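What follows is a pair of complexes built around chain A, which joins chain B in one and chain C in the other.
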Partner chain A sequence: MIRATTTSVDDGLAIEVTGLGKTYGRGATARPAVRPTTLSLPWGQVLGLLGPNGAGKTTLIKMICGLVTPTAGSVRVGGWDLTTDRSRAMLQIGAVLEGSRNVYWPMSAWENLLYFGRLKGLRAAQIKPRAEHLLRDLDLWERRHEQVGSYSRGMQQKVAVAAALINDPPILLLDEPTLGLDVESALTFKEWIARLAREEHKTILLTTHHLHDVAQELADRIAVIRSGEIITDLPTRELLARHAEDRWEIRLAGSLDHLVGALPGGAQTSIDHNETRIWLPDNQAGLYAVLDHLRDTGARLVSVEKSMPSLEEVFLRLLHDPAAPALVSKEATR
Partner chain B sequence: MTGKTPTPALTARAYLAALGNEIRKGFRFAWAERLQILIELPMFAALALLLGPLLGQGNRIVNGSTTWTLDSHTTSILVMWFVPFTFFYMQVVKMFWRLLAEIQAGTIEQVFLSPLPAWVVVAVGRVAAAFLETLFVAASTYGIVSIFVPLQIEWNAAALLPLLSGALGAIGVSLMIAGATLVWQRIQLVNDAVLMVVMIFSASALPLITVPSWWSEISHFLPLTDVTGSLYRALFTHQPVLVAWGMGGLVPMLATTLGYLAAGILAFGLGARAAKRHGTLGRY
Partner chain C sequence: MTAVMPRALPRTAVGPVLQARLLGNEITKGLRLAWRRKGMIVVGTGLNLLTYLGINLFIGGGHVITGLMVRTLPALLAVTVAQAAAVNGSGGIAEEINGGTFAHARLSPGSPLLQATGRLAALAVEGLLSTAVLAAVLTAWFGLDYTGPSATVLPAALTGLDALGYGLLITALTLRINSIGAITHVFNMVIMFFGGMLVPVTVFPGPIQMVSHLVPTSLGVQAINTTITSGLAASWTDGTMPWLIVHCVVLISAGLVVYSTAMRHALREGALTPR
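Moving on to the complex of A and B:
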């Protein structure tokens, strides 16, 4: 594999954001888009940056890659200060931005990769093997000479990510990479991103509205931004564990409607064709009583575990509860 | 304090590769617009042919005694005037519309993610493409017009100096327009007005019309006037182009050229900074 730089993973941080803030307008019309934020991302980690529309995700990402000038704070990328060592910092980053084509539609995938490779300072001899590797990996090799405008949305997005990776940067910024993709394309895309993270150890900062499918499965860490402020920044498992509810979840095989009447007060059920779910308050005696009853009726038990909320539930809880405590790990403020 | 990843500085070779890249892209888009250029082509020739009998004939037009004949000398001067203006037009117009297209598509943000200075990347490809397009348009205009009227332009290598000067001035103006486009986007009327003013005032360098002295003085401050004057001097009068002052003089020509080039680089930098400050770099 060819790299544009001799970048190596050291014991520093891939991204280091210190007091970074952005306010549009002045005086009475001042509108803070991102409040002063301190955030760090170790090498090889995938950070999911979540938030509703207008929360400041895109502004934060664009400040990290130098496309929006902050009103406060600083950014270091691969140890290089974005203001004083812009060229070197830029060589560390590949970015796919939201609402943007990112690549030239009148040009072919092959032409785009050559173009963006040279734009990053590579020579053709360095770019071609890398471009072939990426296009084969993305199943675009056979159609490499077709105009990108003739591709499906999913294929176009693949070319955009390939272009961002053409110089093999160690850091990838992905702003809504699955936006507008159909289910199958989004799945393929997600698997590819997962491979980049696990096998090529890319450091990835990712924003997405696909919380369960993309963020929960890909991100080692989740940061939630609300009204320009990061209100939560924790490892994904820890975030979910902190919001684990004091109740039990029992999963049974099959659709067992007849059980509903026999359950104690406070129990909730969800029944579909293949599975029945029962949630019970955290009461050991009540749990055993229900399990005894299930055994007597011959119900086939699948699992019994402490109920874990989905990332979507946690996200909504954080957003809609103004009193939600700020949960920030040591890593985030290191 | 974090350790820095060992990243070498970009070499001159990387810069050259990136510049070649932009030139290639410029040609690629120019080729994609070949139909548009072919449609525009007869317009340039028609304008030269129509202006021929009219330019400097204000009194006759008012008296209703215009002679609709094509004079070889006048038309030759008009065609000569068209060459630098065509380059200016191609450079400024193509820069504006292609930049606007990149802003609309969002690819401009990826260009700004390059480790190279944005003004180099944005400007250079357009210059080379505009140069090639101008050669084609100028040659075709010459060919079409000469079907109707014989042209008498004697080539002189001294003409390369005003041509180069005109090209650099056009790059400067196009960078100014580009900087403004990054900030305000919808400035096509400003763009058209600039082209019109430059065209009208540069005509004062030709011995075909009479203009007031204030008009003549003002026209020195515009990028093509002295270029046109110097070109006329080289191709039609056989006088040396290395004359310091007067219409087409070396001093006003180089001063305006370098002034516009420097102002263009500065304006583009300021425009890019303002767009980044306002967060509107890729927003239309």
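Moving on to the complex of A and C:
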């Protein structure tokens, strides 16, 4: 493998972005895509970079992998400066880029892996065992000699990920890796990425619109980018905790419209044809009073728990609240 | 926090040996992709053959004038190499940009120029194979007699380089110009008309002859013809060979400069992938 040595250091960062910014155009037509951003990613961490379309996620990732020249700032990948040590920096990265094929459709999966392995400086003898391992792992071994263009979208994306991993890079940049995949393929992918993070300790920078399924479950840390600016960068649990609400959520089976009038002030309800949800302010006495009332009316209780927002809810709050405070951890700006 | 930090290879690994392997990798990829579209190459070669025969029949009033064909066939072969380099170079890079593989292939220790060189080398092989087929078919069919073939190796090689320089320039322009396909076809037509494929450039009036010498492969074809009829020394003394060398150097240099500039521009504008 191209990773020849492994060094233990105290302050090693996989990705270090300092004042990185990008403005397209000049003068009156200048359009900032990413405002000067400082971000760091320790080895082995999974960072979910979230944002709406056009927020600057892809531009930021492309700057990190050297596919877009920044107008300000610098990037270090695996300790190597992208400007002065590009060749070495490239050996640290595997990438799956958004919405693109990433691999050559007229070539077979096997030929693609040989090409991308050699592209990273490996010899055929080094590539073949790794390629076999990846293709078997992804259930593509039997069809390895077929043209990638004949594969399903999920299989094509598997080949793209295999190509990104062919030289066993320590850092993975995954820009919308589940885009266009069906539910089953997306789930397979999520499990695979989770394994890369947990078992192989890859450092992963991930963008996705599947906030709950992918980002919340995989990311150690979440950064939210809005209009080219990172407005939040916190460990996932801390981010959710900061947006936790001091209220209880009671779930009941069935549509119980008649309950609405009997609830105390401050309660909110959501009723559909097979479930009723009640949110109460964090008041133990009030909670017990409502539970007593529900027992008396014979309502079927499903669950009672402290209400925690989903990542989707937090994300939407951050995006739609112009006054949302910047929440950035020390780690992010180190 | 103590982290495990992987490091890349020591300095020597990103040296000339690796660069040579990366170049070989690009050539192999180019040849694989060419093989996948072999049907198109066969059709293109066949169309070139038919077009050339049609032109010859038109000029000869329904007959092929073998004396003329002997002098225009080198131009057909040069046009074939130039077309392979320009059309497939341009089309290939446009396809890769739209497909995303162009950007992906940049995640490599290799330089953009090294990758472009590999791409062009594969196209040269493709063009030369078509050329070999055309030359073999026409020579055998019409019993064309080429004397002193060994002496023509130098001007032929320089003509090939000239055609590749043109291909590199068009490939580079593809990174900047959206409608490069149409422009390439116009340029190819100019090369067909003023490169000596219809009639030798020497039959043109003086000013047109001068202008035609600016057209890629034109000087090369003239040098080949001069070498065939009067020997290599004659092509040096009449100035064709020195100007051919100048033409090659200028065209290849222009291709390299434009490619480098266009790559820097594409990186600035985020144009390695569709935006």
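Definition applied: the second predicted complex is superposed on the first by the 285 of 334 C-alpha atoms of A that agree within 3 Å, B and C clash if a C-alpha of one lies under 4 Å from a C-alpha of the other, contacts with A are read in each partner's own complex, and residues count from 1 in each chain.
By our rule, a residue touches a chain if its C-beta (ideal position, glycine included) is under 8 Å from a C-beta of that chain, and two chains touch if they have at least 3 such contacts.
As the structure is a prediction and not an experimental result, all values here were calculated from the model.
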Superposed partners chain B and chain C on chain A - clash or fit: clash
Touched partner set for A:76, first chain B, second chain C, both or neither: first
Touching partner for A:101 - first (chain B), second (chain C), both, neither: both
Which of chain B and chain C A:181 touches, first, second, both or neither: neither
Contacts of A:16 with chain B and chain C, given as first, second, both or neither: first
Touched partner set for A:46, first chain B, second chain C, both or neither: neither
Touching partner for A:64 - first (chain B), second (chain C), both, neither: neither
Contacts of A:201 with chain B and chain C, given as first, second, both or neither: second
Residues of chain A at both interfaces, chain B in one complex, chain C in the other: 5-8, 10, 12, 22, 24, 33, 59, 62, 65-69, 78-80, 86-88, 90-93, 95, 97, 99-107, 111, 115-116, 118-121, 123, 163, 170
Complex contact set, residues of chain A against chain B: 5-8, 10-13, 16, 22, 24, 33, 59, 62, 65-69, 76, 78-80, 86-88, 90-93, 95, 97, 99-107, 111, 114-116, 118-124, 163, 170
Contact set on chain C toward chain A in their complex: 1-10, 13-14, 18, 21-22, 24-25, 28-29, 32-33, 36-37, 99-101, 103-110, 264, 267-270, 272-274
Touch list for chain B against partner chain A, complex: 2-11, 13-15, 17-18, 20-21, 24-25, 28-29, 32, 105-107, 109-116, 121, 273, 276-279, 281-282
Chain C contact footprint on chain A (complex, rising order): 2-10, 12, 14, 22, 24, 33, 42-44, 59, 62, 65-69, 78-80, 86-95, 97, 99-107, 111, 115-116, 118-121, 123, 147, 163, 170, 201
